[in-house]
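Presented sequentially are two complexes of subunit A, the first with subunit B as partner and the second with subunit C.
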Partner chain A sequence: MMDNLGIFLQIMFWGLYAGCIYILLATGLNLIFGVMKIVNFAHGEFLMIGAYITATIFFLTGINPYVIILLSMLALIGIGAIVERLCFRPILGTGKLNEIFLSIGLIYIFQNGAAMIWGDAWQSVRSPYDGITVPVGSLSVPLDYIIIVAFTAAILFALYFFLKKTTTGMEMRATSQNRKGAMLVGINVERIDIISFGLGCALAAAAGTLWVVSGQVFNPYMGSIPAVKAFAIIILGGLGSIPGAIIGGLLMGIAENSAAYLLGGIWKDAVSFIILIVVLVVRPTGLFGEKGE
Partner chain B sequence: MNFKRDDLTKYGLVAILVIAAAVPVLSDSMFLINLLVLMLISIIFASAWNLLAFSGQGSLGHAAFFGIGAYASTMIAVQSGISPFITIFLGAAVAAFIGVLIGLTCVRLKEWFLAMVTFGFAIIVQTLTVSVLAPITGGWDGIASPRLLSPSIPGYQLIEYYAVLIITIASLVAIWYIMKSRIGLAFLAIRENEVEARSAGVDPVRYRLFAFAISAYLAGVAGAIQIHHIGYLTPELYGVDNSFWPITFVILGGLGTLAGPVIGTIVLTVIWEGLKATGLTFGRYVIVGFILILTIIFLPKGLVNLPERIQVWWKGRGRNETGAKPQRE
Partner chain C sequence: MKYPVLFIVALLVLATLFAGCTQQAATQQQTTSASQGTIKIGVIVSLTGPASNVGNNMWQSAQVAADKINADGGVTLKDGSKAQIKLIVGDDESTQQGGQKAATKLITDDKVDILVGGYSSAVTSAYEQTIAEYKVPYIVTGASSPIITHRTDIDTSYVFHHCPTTDTYGQYTTSFIDQVIRSAIAKKSGFSADRPLRLALMYQDTAFGKGVQTAVNNTITKEKLNIQLVSQQSFKMGESDFRTQLTAIKAANPDAVYIAAFPNEGAPIITQARRDIGLNTIFLNVENNDNAQFYKDLGQYGEGAIIESRFSPYTAPAGAVADAQNAFKQAYFTKFGTYPDMMGASTYEGVFIAAKAIGNAGTTDKATVRQALVNLKMPQVIEAMKDQTISFSPDFRESTFDLWMEQLSFNQTLGETRPAIVWPDNLKTTAFALPSWYTAGST
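Up next, the complex of A and B:
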């Protein structure tokens, strides 16, 4: 009996940890979707770039990888701004399918560009806290997992305050509520677009850094599956809803780790899509979504 | 002299057809024949995807139907000993059936959701193939598939080439017929404005399912031919790559047109094979990515639209010189 409880708690912890990465990805997507009403299927590629930037800096300098999170976020704000300006802005408003197709082009470029720079082998990084565990109740949890959860919470709080308290944050919320209205009161919506896209990419970069420091393997093609899961999450949680993304991310993390435990690791990816399809059949607007966009 | 775009397309397609039929006479390079067979298969696959997109549904998981057609056809051929030439169409029917099932979950969904569901579906099918179904599919290792024709038959590659050419032409004619008929009109109406289409008495669900069925069937045919041509199949057929290729071909050629997938496939295959000579590996994909993005931004209607664009530009140039309005036909 105690054994079952232990396994259950273990799965919950794995789920919480996997969920953190999904939450960051999904929140970034939601931010971009909320403001620009576009869906970037290449979002996972920003996670991958963030992961590689972290690993490269770590290999070169050996500084604590948790510190690199700031650098990788800054770098991805820049890359995101360029992608928004050059790729998404010219096709804004030309149809939803175009955005999907454009993302496919971005996926080709980023994945294979990264493979040209870093090679396509699986790599991994050893965290400085590797092997240290903290006893929580009856089980011992790796310190890295706890730091990752804390980092995710801190980033989400920072984002919350940015959106609620700063002028730019308020402008972003205004643009997401009503683009034309925001233009009428003098908000430069194109500037807001770039900022939102950059921030969304920065959140993906944070997820990439956390992915790397937790010791998970990465290669140039790692981004697609987490990105599509992040999509599943924002569909579950309702498009544009950040609390929905958080709850959805946790549920997804727990669900796939339970499935991996019960059915075998091969089912980890498929189960999230099965959940997604079931939810869409039963409730086409998502679990918490008021109305489908 | 003014060409109408339709005429241009028609003559272009006929010209391509004549060249395609004449190639084996002009060259006896088996490498070229093999390449052309794979290109014809890509044309069927891209056209299948295009038909679904024509009805307003952009699938990101067409590799699922491609792979299901291939696996089903191989299974039937292995179990019953029927010639692969027949099982191609039986396997594709399985793909069409599953296409209708997945279509049922998709018909009421908007673009992104549909893209997500189809993408996820390909992953689910791949997972099933390598886990539960592994005893009959061979798991990740794959299994051997009967060849279309035994290599012992003299000139088997030529026979195969012409057979695939005939199937390709038949598929294109079928798609052309569907696009020009009332069904095609209904697809267009649904794509442009579903509410208006509904109020005009067009049932979107029925037509979308029909598009899914035909598209999945043709994708299954393409998959089955490819696998019987190569003689081996692995679950990598269901990969993301295989889902993205038809999209790239169609966007480059021209979305929603009959000639688009054909032209896009030919042009991109030539570029792709040409780049092979440069020794690039990942770089080739990067270039394809750039081609795709530049096409979407600067030539949103694809290469088939290029003559018209040039014509407009030519006329505009005339106006600037003479100061008169360009003459309309």
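Up next, the complex of A and C:
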């Protein structure tokens, strides 16, 4: 019985870890969708670029990768701002098809660009805390995963603070709720767009960095599957809803790992979409979505 | 309104006619390519996608082979003329659709005389229909599922299998577990001789992984081995997070874990098992993991692990093939600055086999080359073959290799593990040993 409880807790913990990556990716995607209402299928590529930036700085300097996360996020704010300005702003409001095909094009550009710069072989990084375990209740958990959960919580708290307490955050929320209304009260929505897109990309970079420090292998094609899952999560949680993305990401991580244990590894991806379909049938707006979003 | 429609129809007709003329011209060129001094060998590998590390190694090895053959004068044809080899690569993108595209392009656009390569069994089997349709001789040097030449739903008579199948190495590894690991564990842990060895399987959910799973199960049943399969966990190709399946395996208390995975999956499986799950056991790996990147990624966590092998970047068996293997590694290192892996070695040989078959046939006519492959008996090149000869079995056109088992030990200076051959007795350079940290499963 104790053994079963131990396994259950262990699976929940791996679900929590996977959920952290999904939460950061999906929250960033939702932030962008909430403000700009654009569909960016290339969001997973920002995770990939974040992973490579962290790994490259780590390989070159040996700086603790948990410190590099900030540099990686800053770099992605810049890259995100450029992509928003050059690619998405010109087609904003011209139809969803344009956004979809633009983002598909970006996927190929980023993947091939990364393959040219870093090569397309898989790589991995060893965290400085590799091999250190910490007792958590009845579990013995590697320190890296505790740090990953703590970093995710800290980033989400900082985002919450930014959105609730700062003027720019409030302007972002206003733009998300009513773009025309925000324009009428004098908010520069184009500035808000660029900030939202940059922040969304920075969250993807954080997810990529945490992916790397957890010892998972990465290559230029790593972003596609997590991006699809991030879309499933934001639909599951409710389009534009940050709490929805958090709960959805956590739910997805735990469901995937439970399915891999109970049904086998091949069900890991499928179960996410089964849950998505069930939630949409019962509640078409998603768990935290509102009508009309 | 009706004139533009007529104009478009006329354009389409002209385009079709033009394509037909081009096709005919290309066909004529194909039959005369050898006599014009060039043999076109198509190499289908995974240059991109999850299997790209192995795929690039295969492609680079093929180039080293072509360089050597061409430097030695090329291929002698029936009329005494010499033909140089020209390699054309097709990237299967590690996907079935990509494989289909690559095979079709190489056959219909590039008009290759013969094909070499193929890594993922799932990907390779997806375009075998195209091979059957165009009847192009294909020497498969990486895809190890027996279905590659055993399947009966399509004609596989033009496909020749130059790598051990999952049946062969699954059986070989299971025998090693029974004969070597069992006694070592019993000795170290004080178990009785009749205690079943508790084996767990971690396999990729593809034809390759399932092939290994089937081979292990069949070997245990047919040979009545005292091995109990305590957990069989699967994962998707390209997966990177294996912690949940490894948690399930640990809960089953195994004595050893046999992993059927690609190197980009195998290294994280062992790392996550030892670092995150605390599964301190013996991990047995399939031969495709004998790859420089695998050793690099494993780091200290590879200590004690086993790889079933027939070519390694870092070791060679004593005897006839050692010099040939070292010469190949040196040539590869000189050209690319890294070392070839096992799939590279069989692809290197695949190019030699293709050249020899065309030389024996004296023509690039595909049916004649196929027959030359059927009748082929050539001396082993760099890998140890049964009777030191490369030939294909009459039933399923499979060549037969001499295999061995390696154990990895950590080299502090390099920060990586290095292999040493521990089985069979006639090839081993050291004895198998359980690491000090090894923990056996429950009694």
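Definition applied: the second predicted complex is superposed on the first by the 288 of 293 C-alpha atoms of A that agree within 3 Å, B and C clash if a C-alpha of one lies under 4 Å from a C-alpha of the other, contacts with A are read in each partner's own complex, and residues count from 1 in each chain.
The rule is simple: a residue touches a chain if its C-beta (ideal position, glycine included) is under 8 Å from a C-beta of that chain, and two chains touch if they have at least 3 such contacts.
Note that the coordinates shown come from a computational prediction; the quantities given were computed from them, not determined experimentally.
Visitor: In the superposition on subunit A, see if there is space for subunit B and subunit C together, and answer fit or clash.
Guide: With subunit A aligned, subunit B runs into subunit C, so clash.
Visitor: Scan A:60 for contacts with subunit B and subunit C and give back first, second, both or neither.
Guide: Once the two structures are laid over each other on A, A:60 reaches no partner at all.
Visitor: So, does A:215 touch the first partner subunit B, the second partner subunit C, both, or neither?
Guide: Second partner only, subunit C.
Visitor: Between subunit B and subunit C, whom does A:18 touch in the aligned arrangement: first, second, both, or neither?
Guide: After superposition on chain A, A:18 lies in contact with subunit C alone.
Visitor: Contacts for A:120 in the overlay, against subunit B (first) and subunit C (second): which applies, first, second, both or neither?
Guide: Both partners, subunit B and subunit C.
Visitor: Applying the document's definition of touch, where does A:185 land relative to subunit B and subunit C: first, second, both, or neither?
Guide: Neither subunit B nor subunit C is touched by A:185.
Visitor: Of subunit B and subunit C, which one touches more of subunit A's residues?
Guide: Subunit A has more residues touched by B than by the other partner.
Visitor: If you stack the two complexes on chain A, which partner ends up touching A:274: first (subunit B), second (subunit C), both, or neither?
Guide: It touches subunit B, and subunit C stays clear.
Visitor: Given the touch rule stated above, what does A:102 touch, subunit B (first), subunit C (second), both, or neither?
Guide: The answer is first: A:102 touches subunit B but not subunit C.
Visitor: Looking at the overlay, what does A:266 touch: subunit B (first), subunit C (second), both, or neither?
Guide: Both partners, subunit B and subunit C.
Visitor: Taking the two structures together, which residues of subunit A meet both subunit B and subunit C?
Guide: 115, 120, 264, 266, 269
Visitor: Per the contact definition, I'd like the list of subunit C residues that touch subunit A in the complex.
Guide: Residue positions touching the partner: 47-50, 52-53, 56, 205, 233-236, 239-245, 247-248, 251, 264, 267-268, 271-272, 275-276, 278, 293, 297, 299.
Visitor: Touching residues of subunit B toward subunit A in the complex: what are they?
Guide: On the subunit B side, the touching residues are 53, 58, 60, 105, 108-113, 115-117, 119-121, 123-124, 126-128, 130-131, 240, 244, 247-248, 251, 255, 282-286, 288-293, 296-297, 300.
Visitor: Okay, in this complex, where on subunit A does subunit C touch?
Guide: 3, 7, 10-11, 14, 17-18, 115, 120-122, 124, 126, 130-131, 133, 140, 142, 145, 215-219, 221-222, 257, 260-261, 264-266, 268-269
Visitor: Can you list the residues on subunit A that touch subunit B in the complex?
Guide: Listed in rising order, the residues of subunit A that touch subunit B are 39, 41, 87, 90-91, 94, 96-98, 100-102, 104-109, 111-113, 115-116, 120, 224-225, 228, 231-232, 235, 264, 266-267, 269-270, 272-274, 276-277, 280-281, 284, 292-293.
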